[in-house]
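Two complexes follow with chain A in common, the first pairing it with chain B and the second with chain C.
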Partner chain A sequence: MAGKSGRSINNVPESPIKKMLFSWEGILVIVFILVNIFCACFSEFYNLKSLLRQMPVYLAEVFLMLPMAYILVLGEIDISVGSIVCLCATMSCIVCNTGAPFVLVVITALVVGTLCGSVNGFILTRFQELPPMIVTLATQIIFRGIAEIILGSGGSISASNTDGFRLLAGKVGSVPYILFLVVIMAVIFAVILGKSTFGRRVYAIGTNRLTAYYSGIHVQKIRFIIYTVMGTISGLCALFIVSTSYGANTTTGNGFEMDAIAMAVFGGISSTGGKGNLAGGVISAFIIVCLRVGLGQRNVHAQVILLILGLLLIGAVALPNIIGQVKKAMKVKK
Partner chain B sequence: MEKKSIVKKITGSREALLAVILILLFAVVSVISPSFLTVKSVTDMLKNNAVTMIMSLGMLCVMLVGGIDISIMSTLALSGMSIGMLLKYEYISNTVVAFAIALAIGTACGLLVGLVISRADVPPIIATMGFMYVFRAMGYLVSNGGEWASAAALGSFKDFATTKILGLSCVIWVIILCYVVFFFFMKWTRTGRKIYAVGSNANAAEVSGINVRNIKLLVYMIMGFLAGLGGAIQVSVYASAMPDMQLGGEMDVIAACVIGGVSMSGGRGTVLGALLGSLILATIAKALPLVGIDPLAQNTIKGVLILVVVVANVVLQRVADRSALKGREM
Partner chain C sequence: MNKKLVSAVLCGTMVLGAACPVFAGVADGKKIALVGKSAGNAFFEIAAASYKETVEAEGGTVDVVYPEAATADAQIKVLDNLISQDYDAICISANDVNALQAKMEEAMDAGIKVSSFDSAPNSDSRQVFVNQAGTVAVGQALMDAVLDIAGGEGQWAILSATSQAANQNAWIDAMKSIMESDEKYSKLELVEVAYGDDEPQKSIDQTSALLENYPDLKVICAPTTVGIAAAAKYLQDNESTCKLTGLGLPSEMIEYTGADDAHSCPYFYLWDMQGLGKLSAYATIALANEEITGALDETFTAGDLGEYTITTADDGGTEIVLGLPLQFNSDNIEEMAKLY
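Presenting the complex of A and B:
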């Protein structure tokens, strides 16, 4: 069923409370609470205040998860987003260093991102036979390659005028702007995916592209729009990345595509298409953000955090499948 | 039967076309820079790209069954780092033992990946993405939090890359051995043909009595084995082991296969194609500085090349389909 999470532990729940508890989103909420309890026990510095202070670095990646969810629901994948972030960050730093007003910097990042996304979309819709993995692999290398050429032999650039970026990293009270923006964007993306005609069409394409095409959905138009939006959001993400580091280098955004995919898949969005919703994706994104902040406070190395994320990702997809298989085997025995 | 003309044969076969491109590439580069086509330069090129060349064989198998493996370079780092640390702290000193350990670790990693993909039905891209993080982090943990094993620590192990047998470096012999073995394995053994069968149509293969899950497990194990071998070779060629070696290199391996005509959806691709694909990539990387193009542009050119190859493939396929249709209408 479209809209429902791709995974559930128990598929015959009776009461609504039980239904909610056993749905993937219910499990994620429980995991979220457990992760927070764990982090609070693990690190004495872990509280709401420190969480809000350290969140922005990780929150930028949550933006990428939103359109990535659409692409995964289509049954496709985009591994070029990290490179788009790199190119956008580079370009915005360059424009910033020319002394242009900050509005222009924002526009540059968004336009460059949109252009990159539309290149992906153009190639993928023009040559529909091509697997998205290969095309975005090539553009991943190209976009980062262009950034490398622009950055030159030094390989890095720093923004000379950081006022605008400082403004972007500002706060209302102790809540950073980025958190508001993430929540607003998440709600918009979730409503469009879950409630609008456009969203239903995305599910239809993900479930069966040919059927969707024959029932009059402009499959290629929708794919083009989604890949382009993915680019625009990458530009947005790049702005916030620059606002935390005040610069860009050739490794900016490295691995972001994997993090975004991991968040979405852990949130129950199937990578084979047509299943999952953004509620799960957003909860899982916050689980990962909290986990990173909590472990980071006790100087747990980034690699160890990635190890945990990797295991979570594999476990989240493998466990329901294994449980399903065991159940099936038991039924056959009976 | 009418005999096809040579021109048609060349344009019809992917491998022949690639070979022509490779020869043209060689010719152009050696005209511009005569130092390119010397024995030393070519053997250096092969040695530096040994890892990609060997591992594209494993990726060929994985892609033939319609899968993908992006965890390979993490497996390489884990196995390479393990033997690096073992050599550094003098638990082992024998080159053969070091190779055996690297291969064993690689195969074990491949087995784990294969089990998760074939038994728990996790999509390959998701499973290998997870293991990419896991193995890389394990490599980091093995290295005691980022230690390197430098040339001095590796003892006699690094001599493997510099030893010559019959005038050729050991590393090149390993490449040749791998390609010969795989050429026969994929073409003439039962298991090799089964891999093609599963890739062309998994359901048909299942019905005709092939254990699809075991074949899937097998290809990821082969991939892991070759990644382990790659780890040992990487350590000996560069005479150092560090936890972040070949970071992002899996894309090169996939690119080599794609350029070599291996289909992402499975069932199509040959050992010769993988060889030519990885050779073309290696030649371009080596030739760019020689013909006076800034090495900074290397990645962009590589990306454009992949794009051009896959798009050209689609266009050619469309033309072929259309002409086939025309033939039927008449």
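Presenting the complex of A and C:
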């Protein structure tokens, strides 16, 4: 059965403290602390208050990372989520502009997201030989295409009644609602993945789909559920994105799928399936958020920030490999 | 030993103090941020350089910040960063009309003065917009150029970008209504509006089709930089008697601009991006000094550009209009081609 910890660095000593420290999550916590110390030294404006104020835009993407982690653990990928966000945001603005109550706007976003996700799930479970990358690439184009057709020549729509969205963007003291919601959702997703039968089945499918199938796991049912939930969460993300801009346009949600995948993979969730846990994903998500806010506050060139994140990601993926090779080389010398 | 050290430090301080120019500018100590649409737009950078120069000459500092992508979402992240940094004023070229409203309001609530130039966010998202030239002013300049080059009468045509381009259509409509409103244009005949889709080859094809269909065509007006450059090359290579004007980039038009028959374009227009940057800088400073609030009919002095009055913009907000577009002809094109 697959190990549930993230990337393994080496054969760790048995002491539980050492074990925690040497696990991928332990390293991520240390990186998180270092990043915060670095940002605080780097930017005179970096403090809890400014961090909390700037966080909501990034936190919306953290929602996407949660179901994306499940998909990666399955050994699959969904690159259509950015487009689903775009379509949900567009539809919720349209419903909002008809004067409907805000509850209906929320339901619209979630239902549209769920429908899009179930389309992905349906295609992938009905035609099992199709690779998820290609199917979701196609739906990525289709969902954004539909959004663009709805948006028409102007390419953007704004919500005429922003009260509901202002409510979503609200705060308790200086802590935004979205932070609470992210934490709650993260706990739910982590517990289901880590502690429940459903979660264990997901790992089983990711480790070896055929074995899982012959052990009596409803592989296709589980895949369908996960892709559908991915869509629902995209709808949730869309609501918070709209609450930052009171509108949607053809570029809304561009690249969100890659950000979500990056957070998960940096968190130790293997894209080949069966490995990693959500604790790592959540910590890495906050590392990325803090780093972006801290560097951004000193007006570091946006492309340089992306470059740093890219290097971090490559480093994170390659580190266990590099350490392994160094060890091998040392053994050979001996 | 100690005394020596102290005196050395004192001497050093005095030298430094004397070397530092004493700023008495109107923007003394003001911290201003200028936000672009995206990095790598040479056109915007001309205005940004002029903006920065103007503010710095007045003793303030400017940080020019670009978002990671040319989207409103990316600009929201930039604005978030800027609001954290205690800026006195922010000036932005917006990627979307409405999407920035939440953040711009947040900035204004934080006491930051918010203005815009080049591309305006909606009227609730700004205190004032600095506009290059109104649609009508562009239409008027182009219409007068057509009249002048055609010699007062004859056939002319428009070579536009795409049929959906909002700015193109606004200028074309302005030209049409100007042509109808004044008797002096009555001998001009607009034969066709052709669309080159802002592709060089398609623009050339459309130009050659115009010449074939209308052998007596006197002037083509291309209010698009791609179209005018393509048509200029085609007309000049074929030694056509048909002349050209419109909106273009000096660096692309330098070979074709001249008053004689060997050149296809006598003169053309474009935004005065340097002037725009300068005026925006003075507008920002005036806002930061609370000389103006962006309300209608307020006036302020924009350095050597003179006095400006805040007027009503098309979108219901307020704006400051720089003036007419800049004319490029054989006299100034060489110098301007180095910039644009």
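Here, the second predicted complex is superposed on the first by the 327 of 334 C-alpha atoms of A that agree within 3 Å, B and C clash if a C-alpha of one lies under 4 Å from a C-alpha of the other, contacts with A are read in each partner's own complex, and residues count from 1 in each chain.
Keep in mind that, in the parts below, a residue touches a chain if its C-beta (ideal position, glycine included) is under 8 Å from a C-beta of that chain, and two chains touch if they have at least 3 such contacts.
Since the structure is predicted, the reported quantities are computational estimates derived from the model, not experimental observations.
Chemist: So in the superposed three-chain picture, is A:Gly247 touching just chain B, just chain C, both, or none of them (first/second/both/neither)?
Modeler: second
Chemist: When the two structures are overlaid on chain A, which partner does A:Gly310 contact: first (chain B), second (chain C), both, or neither?
Modeler: first
Chemist: Compare chain B and chain C by how many residues of chain A each one touches, and report the one with more.
Modeler: With both complexes superposed on chain A, more residues of chain A are touched by B.
Chemist: Applying the document's definition of touch, where does A:Ser156 land relative to chain B and chain C: first, second, both, or neither?
Modeler: Only chain C is touched by A:Ser156; chain B is not.
Chemist: When the two structures are overlaid on chain A, which partner does A:Ala169 contact: first (chain B), second (chain C), both, or neither?
Modeler: In the superposed model, A:Ala169 contacts chain C only, not chain B.
Chemist: Check whether A:Asn299 is in contact with chain B, with chain C, with both or with neither, and answer first, second, both or neither.
Modeler: Once the two structures are laid over each other on A, A:Asn299 reaches chain C alone.
Chemist: So chain A touches chain B in one structure and chain C in the other; where do those two contact lists coincide?
Modeler: In chain A, residues 153, 254, 301, 303, 306 are touched by chain B and also by chain C.
Chemist: Which of the residues in chain A end up touching chain B in this complex?
Modeler: Listed in rising order, the residues of chain A that touch chain B are 77, 123, 127, 129-131, 133-135, 137-146, 148-149, 152-153, 254, 258, 261-262, 265, 271-272, 301, 303-304, 306-307, 309-311, 313-314, 317-318, 321-322, 325.
Chemist: Going by the contact rule set out above, which residues of chain C touch chain A in the complex?
Modeler: On the chain C side, the touching residues are 33, 39, 63, 65-69, 71-74, 76-78, 80-81, 83-86, 96-103, 164.
Chemist: In their shared complex, at which residues does chain A touch chain C?
Modeler: Within the complex, chain A contacts chain C at residues 45, 50, 53-54, 57-58, 153, 156, 158, 162, 169, 241, 243-247, 249, 251-252, 254-255, 292-293, 296-297, 299, 301-303, 305-306.
Chemist: Under the definition above, what is the set of chain B residues touching chain A in their complex?
Modeler: Against chain A, chain B makes touches at 68, 116, 119-123, 125-127, 129-134, 136-138, 140-141, 145, 243, 248, 251, 254-255, 258, 264-265, 294, 296-304, 306-307, 310-311, 314-315, 317.
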